[in-house]
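Got some structures for you, see below.
Two complexes follow with subunit A in common, the first pairing it with subunit B and the second with subunit C.
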Partner chain A sequence: MDKVKKSFWRDNWLVIVTGLLIGAAAVVLSALGNPKNMGFCIACFERDIAGALQFHTADKLRYFRPEIVGIVLGAMGMALIKKEWRAQGGSSPVTRFLLGMLVMIGALVFLGCPLRMVIRIGGGDLNAVIGLAGFIVGILIGVIPMKLGFSLNRAYKQNALEGLFFPALLTVLFVLSLTTALLKASTAGPGSLHPAWWISLVIALAVGALCQRSRLCMAGGIRDVVLFKDFHLILGFAAILVAVFVGNMITTLVSGNSLVSFFAGFGFEKQPIAHSDFLYNFLGMVVVGWGSVLLGGCPLRQLVLAGEGNSDSAITVFGFIAGAAVSHNFGLASSGDGIGSGPVLWVLLAGFAILLVISIFHTKRRA
Partner chain B sequence: MLDVRGLNCPMPVLAVQREVKAKAPKGLEVLADHMTAVYNIQRFAASQGYTTRVEETEDGDYRILLSK
Partner chain C sequence: MIYVATFYTHAAALLTYRALTKNGFSAVLQPVPRSLSSSCGTCVRFEAPDPCYALLDRDVEQVAESAESGYRVIRTYD
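Here is the complex of A and B:
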């Protein structure tokens, strides 16, 4: 029995510690300034970066989030130290860009990436449980083409410059955001809520480095359980939930409130930056789950891979940012008041059609 | 030899799973180009009763040798 325990810990400690760190980081970053239940959200942060670059028109969603820079550079640094950094790309880049856009559009209908979904659940937002159901359904759909031979084709070794452009561009833009007025920052709304830039950066550097080592992936966790009965990655998913849940209880107590008030806040209505439209919370996350499986990883994982020199993942992140711009420019993104004023249902249906076409046309049946 | 270089997750381990299911080989040689694939294949191989040995090639790729 002791041997089993030892081997469990030896095989899984890194992914569990990474999950605990991400959950703790989310709680700490919220306590220090990030919006509530949005301490660590890849989709929200990339949406704010799209806003800082004025790719969309939402004045309250502009801030060049240091967390995104930190994750990429943290992963890059760790990959270089471990000699795992390599420039690689060329695996259906345009398809990946489009998938990135769709994943972001779905995430902004729900209001959060898979990471924020777990953070919202840990904060008592039960709408995110509906999102989780959608995410699981999306992954189950995406797993079908995987089993039948789906692939976005091989990537190949590239010139080192190809792998360096993305982290370099991100770093230059970040420095410009700190030293000039070229990039915009909100003075009100979610974009104006954040800790000092260096706190966000340092925490995200640690998260990026640990994610590179542990390979933590929100979509991969559920996918691997279905495909291989492998529970390794989903332990990271569970660790994030536990850390956020416990962290929120601690911050409730530290702020002088009772745990009763924390649990009384559990529900569907009046949750931070969330809406209670069950259908759209569900459908948005089906798109995210399905798209993430086809991409080979969730939005967090794409950032880490981009830091490791994978230009396909860099293209995917550009797709996320473009998707955020499209979402806000065409009324597809939800808000605390409900779903957007644009043709949300039609775009989601078109998204499902595109996911289906990609799933079918990239699947080579094997005997 | 199974060449899974350039394939993103979970394709490398799926390719190994297909091979193992179809042929139940006593041994299998897999060529991968990133450590995520190596770890995933090692975990899957262990779950199927294989032992694994990993060697780095001259090109910086990884040769994973599965045996029973």
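Here is the complex of A and C:
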């Protein structure tokens, strides 16, 4: 029994510690300025970056989020130290760009990436439980083509510049956002809510480095349980939830309120930057789950892989940013008031059709 | 001997798994061990008297054998 316990910790401590740190970081970042239940959200932060670059027209969603830069550079630094940095790519880049766009559109219908989904659950937002159900269903659908031989084809070793371009571009834009007025920042709304840039950057550097070591992935956790009955990655998922839940209880107590008020806040209505339309919360996350499995990782994992030199993941992140712009420019993104004013249902249905086509046409039998 | 073969795609791992089991070898699909790669892909762990190179899919990345201290890479592919 002791041997089993020892083996469990030896095999899983890093992913658990990473999950606990991400959960704690999310609570701390919210306490220091990020929107509530949005201490860390890859989709929301990339949407804010799209806003800072004026790719979309939502004035309240503009800020070049240091967290995104930090995760990529943290992962890159750790990969370089461990000699795991490698420029590679060429695995169906256009398909990955399109999948990135779809995943972002689905995430902004729900209002959050899988990471924020867990953070929202830990903050008592039960709409995110509906989102989790959709995410699981999406992964279960995505696993079917995986079992039948789905592949976006292999990546190949590339010139180092291919792997360096994305982190370099992010860094240059980030410096420009700090030193010039070229990039825009909101003065009101969610885009205006953030801690000092260096706090976000330092925390995200640590998160990126740990995610590189642990390979933590929100979609991969559930996928591995279904495909292999392997519970390693999902432990990180659970650790984030525990850390956010405990962290929120601590901040409630520190701010002088009772735990009763914390638990009284659990529910569907009036949750921070969330809506309570069950159908769209569910459908949005089905798209995210299905798309993430086909991509081989959730939005957080794509950032980490891009930091490791994977240009396919960098292209996927460009797809996320383009998807954010499309979502806000065409009324597809939800808000606290409800779903967007655009043709959300039609776009989600088109998204399912595209995911189905990609799933079928990339699944082939080979001798 | 226990071997682990990692691949550039999940599909390549699946095809290799099918080829190995069809030829009577004991094999399982599992996540790639962290000590072998930072990739979160799929590998095949199999028991055979030799590494069965002829049965590995063309998208194989590396083959390692199980050692007391973990895994020892015995062949890598570009």
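What to note about this one:
One rule holds for everything that comes next: the second predicted complex is superposed on the first by the 364 of 367 C-alpha atoms of A that agree within 3 Å, B and C clash if a C-alpha of one lies under 4 Å from a C-alpha of the other, contacts with A are read in each partner's own complex, and residues count from 1 in each chain.
In this text, a contact is a pair of C-beta atoms (placed from the backbone, for glycine too) under 8 Å apart; a residue touches a chain by one contact, two chains touch by 3 or more.
Predicted model only: the values in this text are computed from it and were never measured.
In the superposition on chain A, contact of A:220 is made with both subunit B and subunit C. By the touch criterion defined above, A:312 reaches subunit B but does not reach subunit C.
Applying the stated contact rule after C-alpha superposition, one finds that A:151 touches each of subunit B and subunit C.
In the superposition on chain A, contact is made by A:232 with both subunit B and subunit C. Touch criterion not met for A:281: it reaches neither subunit B nor subunit C.
Applying the stated contact rule after C-alpha superposition, one finds that A:186 touches neither subunit B nor subunit C. For the contact definition in use here, the residues of subunit A common to its subunit B contact set and its subunit C contact set are 82, 84, 146-147, 151-152, 154-155, 157, 215, 217, 220, 224, 227-228, 230, 232, 296-297, 308, 366. Remark: subunit A residues 11, 82, 84, 86, 88, 91, 146-147, 151-152, 154-157, 215, 217, 220, 223-224, 227-230, 232, 295-297, 308, 312, 366 touch subunit B in the complex. Taken together, the subunit B residues at the contact with subunit A in this complex read 5-11, 13-14, 17-18, 33-36, 39, 43-44, 47, 60. Against subunit A, in their complex, subunit C makes its touches with residues 8-12, 14-15, 29-31, 34, 38, 40-42, 57, 59, 78. If you check the complex, the residues on subunit A that touch subunit C are 79, 82, 84, 146-147, 149-155, 157, 212, 215, 217, 220, 224, 227-228, 230, 232-233, 296-297, 301, 308, 364, 366.
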